[in-house]
Amino acid sequence: MLYHVRMDVHPPHGIDPALFDRLKAEEKARAQALQREGKWVHLWRIAGQYANISVFDVESHDALHDILSTLPLFPFMEISVTPLARHPSAISTK
Amino acid sequence: MLYHVRMDVHPPHGIDPALFDRLKAEEKARAQALQREGKWVHLWRIAGQYANISVFDVESHDALHDILSTLPLFPFMEISVTPLARHPSAISTK
Amino acid sequence: MLYHVRMDVHPPHGIDPALFDRLKAEEKARAQALQREGKWVHLWRIAGQYANISVFDVESHDALHDILSTLPLFPFMEISVTPLARHPSAISTK
Amino acid sequence: MLYHVRMDVHPPHGIDPALFDRLKAEEKARAQALQREGKWVHLWRIAGQYANISVFDVESHDALHDILSTLPLFPFMEISVTPLARHPSAISTK
Amino acid sequence: MLYHVRMDVHPPHGIDPALFDRLKAEEKARAQALQREGKWVHLWRIAGQYANISVFDVESHDALHDILSTLPLFPFMEISVTPLARHPSAISTK
Amino acid sequence: MLYHVRMDVHPPHGIDPALFDRLKAEEKARAQALQREGKWVHLWRIAGQYANISVFDVESHDALHDILSTLPLFPFMEISVTPLARHPSAISTK
Amino acid sequence: MLYHVRMDVHPPHGIDPALFDRLKAEEKARAQALQREGKWVHLWRIAGQYANISVFDVESHDALHDILSTLPLFPFMEISVTPLARHPSAISTK
Amino acid sequence: MLYHVRMDVHPPHGIDPALFDRLKAEEKARAQALQREGKWVHLWRIAGQYANISVFDVESHDALHDILSTLPLFPFMEISVTPLARHPSAISTK
Amino acid sequence: MLYHVRMDVHPPHGIDPALFDRLKAEEKARAQALQREGKWVHLWRIAGQYANISVFDVESHDALHDILSTLPLFPFMEISVTPLARHPSAISTK
Amino acid sequence: MLYHVRMDVHPPHGIDPALFDRLKAEEKARAQALQREGKWVHLWRIAGQYANISVFDVESHDALHDILSTLPLFPFMEISVTPLARHPSAISTK
């Protein structure tokens, strides 16, 4: 099932740069692994913002929450989730 | 270039049902033609709402506006557009 | 899977009372049928408002959308959907 | 009486991790005790967010406030409360 | 129990003035009866607006909803309800 | 004259607990004195929140501001003030 | 006492132009009379909008409400009222 | 002086199409005349919306209001105005 | 020209009290000087809030920005500016 | 292609003034270089706020994001981007 997810990243002022760089590297590795697994099917940068719009394809809300809540940057993210259904005019699903 | 577009449809109370059905049929035909042309690359229904989230791949803002503003349902739609850039962690662009 | 759904009903001014009564009766029959099927698991009235908070247990976003979008009062409703995951402190799921 | 309660948890940046873990453990114990007492009747995680939607069944506003305001994580929570009445189409109350 | 209720009245343009006057007269009679019964304990006009702030003292959410939803002006009102608990610094409850 | 005042208290993270307890004790003493003087006529806790809804009966905006702005917790409060007029359906003023 | 009042005028589509012109003329006459009485002390147009910012100097909330609620355009106006106190740095009050 | 102005056009449902087309033609003529006079210095369409972002260069708020409030589509427009000052990093003003 | 300006002051928690007192004293001196120059024509305290509503009479947006952005408390203020035009019903301008 | 960009700068309390001054100087140099390259075509200060409204002329969303996300003050800025299309009434594009 497809979930539309917007993630806005708000690094707190004064966070240790080395720590945050490490978290960002882990986040990238996790994101790319999930993309290769076909779970994180779209990942776009919102132009001009430290935010992304993604689409996940996972089997349940729990599965989605397990992925999002264990992302290294989760503590610094504002996330909104929108369940996507099939559109009657869509000629493909993904 | 990719544009994230959210469209909320608000049919006014009292509109002639036959007219609106015709407009919806035209909208579907246009949407499917644009999908086949590769311009309307993603079209999803927001579960529970008369709204969709779409991604368009067109060459300019003018091209996007020409498409959206000539959609049959445009007069009844609330539309927000978000330009999408390439995400550094994305392993593919679409 | 559980979906938290809020429905605010906005009957347009001037709608034919007999028509709206018929729609409300159909809505009630549909709601009660879905409850007996175990799909509409909770239905509460927000005190003081023509609105409800519900929880649906259905297998997919598409299933949820098919139910909500075919409710007789759907054209007059403002709906927001929130996917619910299992809470680590919950001792039961429903 | 039923109260719909949404709790968004905002751990402040820089809080002592050990302290916060202890508070979370206490919170879990309290939440599970209240569930066993039948006061905290529903507890769901909002998928993708450090937030929950709950339903409490207690005898008064004061009782609800006493519970919520003494939760270990109360100082870090944004809480909204919505009183729930019986819906005319509901075939059960809980 | 005490409920803080804000009611904003939005008479639709074009409503039959005679009908609306009759509804307003019925609303006033009902409001005054409920005040004499001790259920509607405070009723104030928000200066400059067709809105009021009230406090109700009733035994349950259902009781509150039955009162509010049967007010003659209910179809034209935007209502928000806030449950009030006893404040630790209050020297009286009402 | 009656003023409806909502006060949301936001204690900053890291404030010295002993200091804040002292301020809260002073706040309580001031609130109770003002209630005995008949200026702070209603003080209710919003169930589930560190916030109150109050009604003040003072002779002018300046008088109200002098009271609110010298409350010990004023620096940590978000305050909104709504002037209350007599409602045509009210059978008493307080 | 001084009240800051913002009035946004929303003439409904389809209102009889002659009626609305008459109401506007009455509104102007009333506004100018109240200015000459010293009650409506400031009246400015918000540049680019059918809205004004005013300051009233009247003795009570009731007096303000009586003025505003009987303005000919009141039914078409969205009004917000802010009580103004004396500023410690102000070298004059008006 | 420069004013940033956003105009969102909301044609009411049911307006006479011939009338609205005439108003739009008048609007275009006025806009082009004002551009040639150097008053309306920038006029851009917001991609995907019946809205524009403009910059006006006029000598006063009154002058701006006279222009905007007499635009043929003014009754159907939601307008916000933002005064623009010279930016210290700008290498030109327009 | 007249500018309506609202200033909400948000002193950050933990700022050095002596520093902030000095800034407030400088702010007061500047405000009173500008009032005597006839630039800061109205300055009112919003009752119950650390905020003011002011009206400035200056010759340009740049002039206004130079004044506001050099106020000692500017770094701690949230400011909104509304250009005021002459109201057709106003019998005086200030 | 033209992008309308609003940038609100929120310097965190307690940031090292010397560091922030250096960042501001770098920001000014970058902004002026981009203006000379014809990419940053308009840059205006919003009167009364630490914010600007700009228009960029670049060939893609990625190009825009590369510019904005590498601005020295990017970590302290809240940015919103609006794609601008050609307006049918515009007599020039820039």
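When the chains are written out, they are named A, B, C, D, E, F, G, H, I and J in that same order, and each has its own residue count from 1.
What we mean here is this: a contact is a pair of C-beta atoms (placed from the backbone, for glycine too) under 8 Å apart; a residue touches a chain by one contact, two chains touch by 3 or more.
Treat the numbers as computed from the prediction; the structure is a model and nothing was measured.
Peer 1: Could you give the fewest steps needed to travel from subunit A to subunit H through chains in contact?
Peer 2: The distance in steps between these two chains is 2.
Peer 1: Of the pairs B-J, D-F or G-I, which one shares over half of its contact pairs with B-C?
Peer 2: D-F
Peer 1: Give the chain pair, either G-I or D-F, that is connected by more C-beta contacts.
Peer 2: The greater number of contacts lies at G-I.
Peer 1: Quick one: report the Å distance separating subunit I from subunit J, using the average Cα coordinate of each chain.
Peer 2: Taking the mean C-alpha position of each chain, the two centres sit 26 Å apart.
Peer 1: Measure off the straight-line distance from the CA centroid of subunit C to the CA centroid of subunit J, and report it in whole Å.
Peer 2: So the centroids are 45 Å from each other.
Peer 1: Note the residues in subunit H that touch 2 or more other chains, in rising order.
Peer 2: Residues 2-3, 14, 45-48, 61-62, 64-65, 81-86 of subunit H each touch two or more of the other chains.
Peer 1: Pull out all the chain pairs that touch, please.
Peer 2: Pairs flagged as touching, ordered by label: A-B, A-C, A-D, A-J, B-C, B-H, B-J, C-D, C-E, D-E, D-F, E-F, E-G, F-G, F-I, G-H, G-I, H-I, H-J, I-J.
Peer 1: Can you list the subunit G residues touching subunit E in their complex?
Peer 2: Its residues touching subunit E are 3, 5, 12, 14-15, 61-62, 64-65, 68-69, 74-75, 79-81.
Peer 1: Subunit E touches which residues of subunit C in the complex?
Peer 2: Contacts found on subunit C: 11, 13-14, 45, 47-50.
Peer 1: Subunit F touches which residues of subunit G in the complex?
Peer 2: Residues 1-3, 60-62, 64-65, 81-86 of subunit G touch subunit F in their complex.
Peer 1: Which residues of subunit A touch subunit B in the complex?
Peer 2: Per the stated touch rule, the residues are 2, 4, 27-28, 31-32, 35-36, 42-48, 52-53, 55, 82-92, 94.
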